[in-house]
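In what comes next, chain A is part of two complexes: it sits with chain B in the first one and with chain C in the second one.
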Partner chain A sequence: MNTKDKSWKILSLIPIIAVLVILTLVPLVNIFYNSFFDIRWDDGKYNYTYIGLENYIELPNNKFYLPGLINTIKLSIFAVFFQMLFGFLIALGISKIKRGKGFFISLFLLPILLPPIVIGSIWRLMYGFDFGIFNYLLSFFGIFPLDWLGSSSLAFTSIVIVDIWHWTPFVVLLLLAGLESLPTDVYEAARVDGTSGWNEIIYITIPLMIPTIIVTMVFRFILSFKVFDEIYLLTQGGPGTSTEVISFSIYETFFESDNMGLGSVMSVVSLFVVSLLIIIVLNVIRRVNKYAN
Partner chain B sequence: MRTSTEKLINYIMLSFFAILVLAPFLWIATIAFKTQIDIMMMKIIFKPTLFNFDKLFFSKEATFFRDIFNSLFVGIISTLIILIVCSMASFTMIRTKISNWITAVLFLWVIVFHMLPPITFVGSWFQMANSVGLFNSRIALILAHVTVNLPLGLLIISSFMRDVPTEIQEAAYIDGCSNRQVYLKVMLPLLGPGLFATAVIVFLFSWNDFMVAMNLTAKATQTVPVSIATFSQQYEVRYGEMAAGSLVSLVPALILTFFAQKYIVKGLTAGAVK
Partner chain C sequence: MKKIISTISIFLFSITFVGEVFAGPKLTMLINQSPWFDGFRKTLEMYEEETGASIELDVNPYPAMSEKIRNSIRAPEGIYDIVITSTEFMSTYSDSGEFRNINDIDPNYKLDPGICSYQNTSYWNYDTQSYDPVNGEFIGIPVNGNVQVLYYRRDLYEEKGLTPPKTWDDLIANAAVFHNPPQMYGMIQRAERSSVTYNFGPYMFSHGGAVYKDPANGDFSIVFNSPEVKAAMEAYLKVRDTVGHPNAHAIGQGEMIQYLRTGKAAHAIAVIAAWGGMDDPNKSAVIGKMGAALNPAGPMGSASSLGHWEAHIPKNIPDENAVEALDFLKWLVTKENQIKYIENGAVPVRCDLIDSPMAKQDEFRFLEALGQNSDVAQFIAPNVEAVESTSITNLYLNKIVAGEVSIEEGLNAAAEELYQLLTKAGKKTGKLPDL
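Up next, the complex of A and B:
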């Protein structure tokens, strides 16, 4: 190993380290630092006033953050449950067919690859009170139009439905990859023994798939905490706080109310909560992989 | 799945879910070709019109051509940067002898960052961009997109990197190649499909991003998703233009899914859980 080789190794890692340090580590430190200040934008510059833990003390009194955190967790649990259920059905279905496989996979890829803001637009149009398709269809059954996004009892469910629609395909993709890497000899043996289709699924496929199912589920659960675009376009967190989520509270506080100190505290607390979950998740994934091997 | 009834049930179930996925797109496609009056009257049979597209692109206050340019510019440049940065780093981390802890720390941090909500970083990026005079510039957005999509890029490229047989690399060393030469002349060509898969996915995610773009750009540098969102925020929601803009913004994803479906599937699976 000559010195030229060594300098190339260092050189090749500098860009990624630079990006990670400047654009992820520095922001983390910055947010933490900000959280102890009252920050105002005056005369073209930021004026920092040190206020100690005041932002942290104020956080529980904030009308939006805690309800948002609870909603985010609720949304993740409900949405991921149905994503797993539908995702497993679809993945199983696709894995069994021979004709049209590529067609179905392309189709089910679409929601992941399209701009979330478009998904928001589409659902906003469909949920529309006066000329949305849902109320139009309901009118045939003589049901009064529902205020899908405007009533506090229904808005959260409407958001969960959109999230399920948006992310089930992702679950399909991961579970399908798992299904296709299952050992075929087990199935052949079962077939020789005359196992029926349903028994095959219940007694062979599901037990073999449990590691993949758990990993996909926890991964999806964490990623649901990122939800923002659809909320922004569909409900803006309302009515009241019924569809408030952490990403939206942070955005509102930081960019709309220009309260950077409090926004930073919200970020710090959110990062703390999500990091805790990530530690749990990474542990779960490690254990599952160990068990699977 | 052996009996024909089971097969039939399976196809019916898949078609049912397929319709659930497709229906919303068909619905927005019809809206895009309706006049505002037809939209409001819920007409099923209507005379298709290009009025919404005309307004979207050619009305006096239209910015859509510029928005598309901004999106393409930011998407292409940030994708290129990610390909270069991640392929270099991935090669050194996976295929050369370096201290294990460097690889472990970098990968762990990238995976953790990938899972954190990006909004928690956008505030700082906004402040940083402002303090160096980069707010409302495409450079700030490019840097932000590089950062947000870097984890996916690194994970996908690395998974393809692991699939390249080590024998080829060893043969190159025997021929007297340095690591730099192996990377440039052996790995990059062999990684072609992997780089393509990464490029497609990373570009689409940059094209699709709304949240980061909204907070780091203003009118002149706004991207397509930001522009679409503004149609819902004026005094009256401009449904027709919103639908037309949405339809146009689907084009890259549709084209790329059509031509590169296999690569996208492989890339997305590789970038997900490892």
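Up next, the complex of A and C:
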């Protein structure tokens, strides 16, 4: 590579680096900076009072954030696990379809195309205690109506179900793209050797799909930490804090309570926790892969 | 030909004339989408037609209101010439110092005594951080008189020969007659986390309870874990357990109205703004069947909780716009126009309409209950930190109703957190010993 080529490559990267710095790094640094201040609006301007680590010390006492963090991690683990499982099975099914594949893809994509407000309304109606279709159906089996969104023990599961329904199509889409791009000659050779359909999935499809599965899973894991719409529209974090999540706590602190300092700390800690969890997940996957190989 | 020319001339003259006389600024008002919005919009259209003024409405869902107000009033130049605040964040923004004193715009204007006082929420005292009609600045004009009233099925009452309940025990006795879940619930309560404090208000105040000791005089000592509040919560749970919905803690305003309109609730304490849909054939199965009454009384009499809206004129708009904005608000609260306001389906802010012939008409049968409840309505959190303090009371009351904690545990925990909040805010505060 000559010097001219190298300079051109660096120069061509500058616009995207500038965009990244302006849109990502600057807000991050700003939030980190704000987290050390008590910020109040007084006499027509924001007044910053340096308080050191006080916001960080106060965070564990916050009645919403910690339960929200635990719920978010639980939701991410359960929802992403089932989304990956169902997503893979559905993608596998669709990939085997010879005719009308487009129709099925469109059908399965519907949940991610619907606006969140519609999703919230649909599920709130379906989960309704007296008016909901789920309890109506359960009544045919003599089952007493369930308090889907009001019971502290059931509300969280209800939210997980909605999240699985909402985001499984996204997983289907990515995994289907991966399945469609697998080399056909491997399958042809396996069939010549008389490999069963089940063994084909276990010994060929899954190993070949591992990179796509990992990328999809990490992607979904990150996105699942942003869950907000379902909580906001279905339970508002209740009953108690049984469905509280970090994005809802941050929203309430920033926009409702106008507490920018504490809101910034919540954002910084959330970012740190998410990054840490992703590193752990990637490490686990790498070790499993190494062991399997 | 002459006729045509003269017609065109008259038309052109009219346009010019109208244009010259009503060449005021075009105003923008921030308002929320709510059951009373249509009534407000229709009345505003009448004002525009009558005066030629032009006010554009920026209509938002309730949760977006606070942020939009904040962004506009803190900007060098405000987007909105009129903003409205609900009781949830009224005190916070009243203390912001970003609203004009109405008397700086019109030194002679004062609220007509016929307008409900709503515990003086039009006047804010920046020194004591409380509502104060004597030393406070005149910064708001009420535009919606939302308070909670008792809804009851008057057709069923007539059938059974009952009269509206005077006390909480009367309510339980009457509701028990109709309580037959899931076909019909005797009483629907709204104890979802986001709104339970508001719904609990009539129970709390009627038992002599409160969140703060004497906020009007700057004493924000916490009395939320008093024996009176405990008694009120016991009454709340007794209603739920005997004639209420077992999942009250998951019911919000939307569901409560749904139960009423579908005929599955015999009673509910709900905002009067919900009345609009009760007699609407497109929305209700109980047309003409609903009645409204004064909330049941506890040991301290009847009570309601304020949920009204005040309109404010921000400082960061041109003076000319401020004058126009005040002209509209002055027009809106006159007795004559409040009658139009009611006819259009909005919630009036005048307490002197109870005695009007209008109140005797069946269509407006809610007016008497609205006036009675407005007279006894109290402000639950009249403090600058209301958003945060209400999130604390909402959380613990919801936990109590959901059965996650006992009444004592919940009220003590809430009182402790409120005390911490108010202490940090530098308020004169204190707290009671644990229950």
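Here is the rule we go by: the second predicted complex is superposed on the first by the 244 of 293 C-alpha atoms of A that agree within 3 Å, B and C clash if a C-alpha of one lies under 4 Å from a C-alpha of the other, contacts with A are read in each partner's own complex, and residues count from 1 in each chain.
The rule we apply is simple: a residue touches a chain if its C-beta (ideal position, glycine included) is under 8 Å from a C-beta of that chain, and two chains touch if they have at least 3 such contacts.
Just so it is clear, the model here is predicted, and its values are computed rather than measured.
Undergrad: Name the contact category of A:131: first (chain B only), second (chain C only), both, or neither.
TA: Touch status of A:131: both partners.
Undergrad: A:207 contacts which: chain B (first), chain C (second), both, neither?
TA: The answer is neither, since A:207 touches no partner chain.
Undergrad: What is the contact status of A:197 with respect to chain B (first) and chain C (second): first, second, both, or neither?
TA: first
Undergrad: What is the contact status of A:250 with respect to chain B (first) and chain C (second): first, second, both, or neither?
TA: After superposition on chain A, A:250 lies in contact with chain B alone.
Undergrad: Once chain A of both complexes is superposed, is A:240 in touch with chain B (first), chain C (second), both, or neither?
TA: After superposing on A, A:240 lies in contact with chain C but is clear of chain B.
Undergrad: Using the superposition described at the top, determine whether chain B or chain C touches more residues of chain A.
TA: After superposing on chain A, more of chain A is contacted by B.
Undergrad: With both complexes overlaid on chain A, does A:16 touch chain B (first), chain C (second), both or neither?
TA: A:16 sits against chain B, while chain C stays out of touch.
Undergrad: Go through the superposed model and pick first if A:150 touches only chain B, second if only chain C, both, or neither.
TA: In the superposition, A:150 touches chain C alone.
Undergrad: Taking the stated contact definition, name every residue in chain A that is touched by chain B in one complex and by chain C in the other, in rising order.
TA: Touching chain B and chain C on chain A: residues 130-131, 255.
Undergrad: In their complex, what parts of chain A are in touch with chain B?
TA: For chain A paired with chain B, touching residues are 1-2, 4-5, 8-9, 12-13, 15-17, 19-20, 23-24, 26-28, 30-31, 34, 46, 86, 89-90, 93-94, 96-97, 102, 104-126, 130-131, 133, 136, 165, 169-170, 173-174, 177, 197, 215-216, 219, 222-223, 225-226, 228-229, 232-233, 246-247, 250-251, 254-255, 260, 263-264, 267, 270-271, 274-275, 278, 281-282, 285.
Undergrad: Tell me, which parts of chain C touch chain A in their complex?
TA: 66-67, 70, 74, 92, 96-98, 182, 192-194, 245-247, 249-252, 255, 258-259, 262, 264, 387-388, 391-392, 395, 398-399, 402, 404, 417
Undergrad: State the interface residues of chain A toward chain C in the complex, per the touch definition above.
TA: Per the stated touch rule, the residues are 41-44, 63-64, 128-131, 145, 147, 149-152, 155, 235-241, 252, 255-259.
Undergrad: In the complex formed with chain A, which residues of chain B make contact?
TA: Contact set of chain B toward chain A: 1-3, 6-7, 10-11, 13-14, 17-18, 20-22, 24-25, 27-28, 31, 39-42, 84-86, 88-89, 91-93, 96-98, 102, 106, 109-113, 115-128, 143-144, 146-147, 150, 154, 178-180, 183, 204, 207-208, 210-211, 215, 224-225, 228-229, 232, 239, 242-243, 246, 249-250, 253, 256-258, 261, 264-265, 268-269, 272-273.
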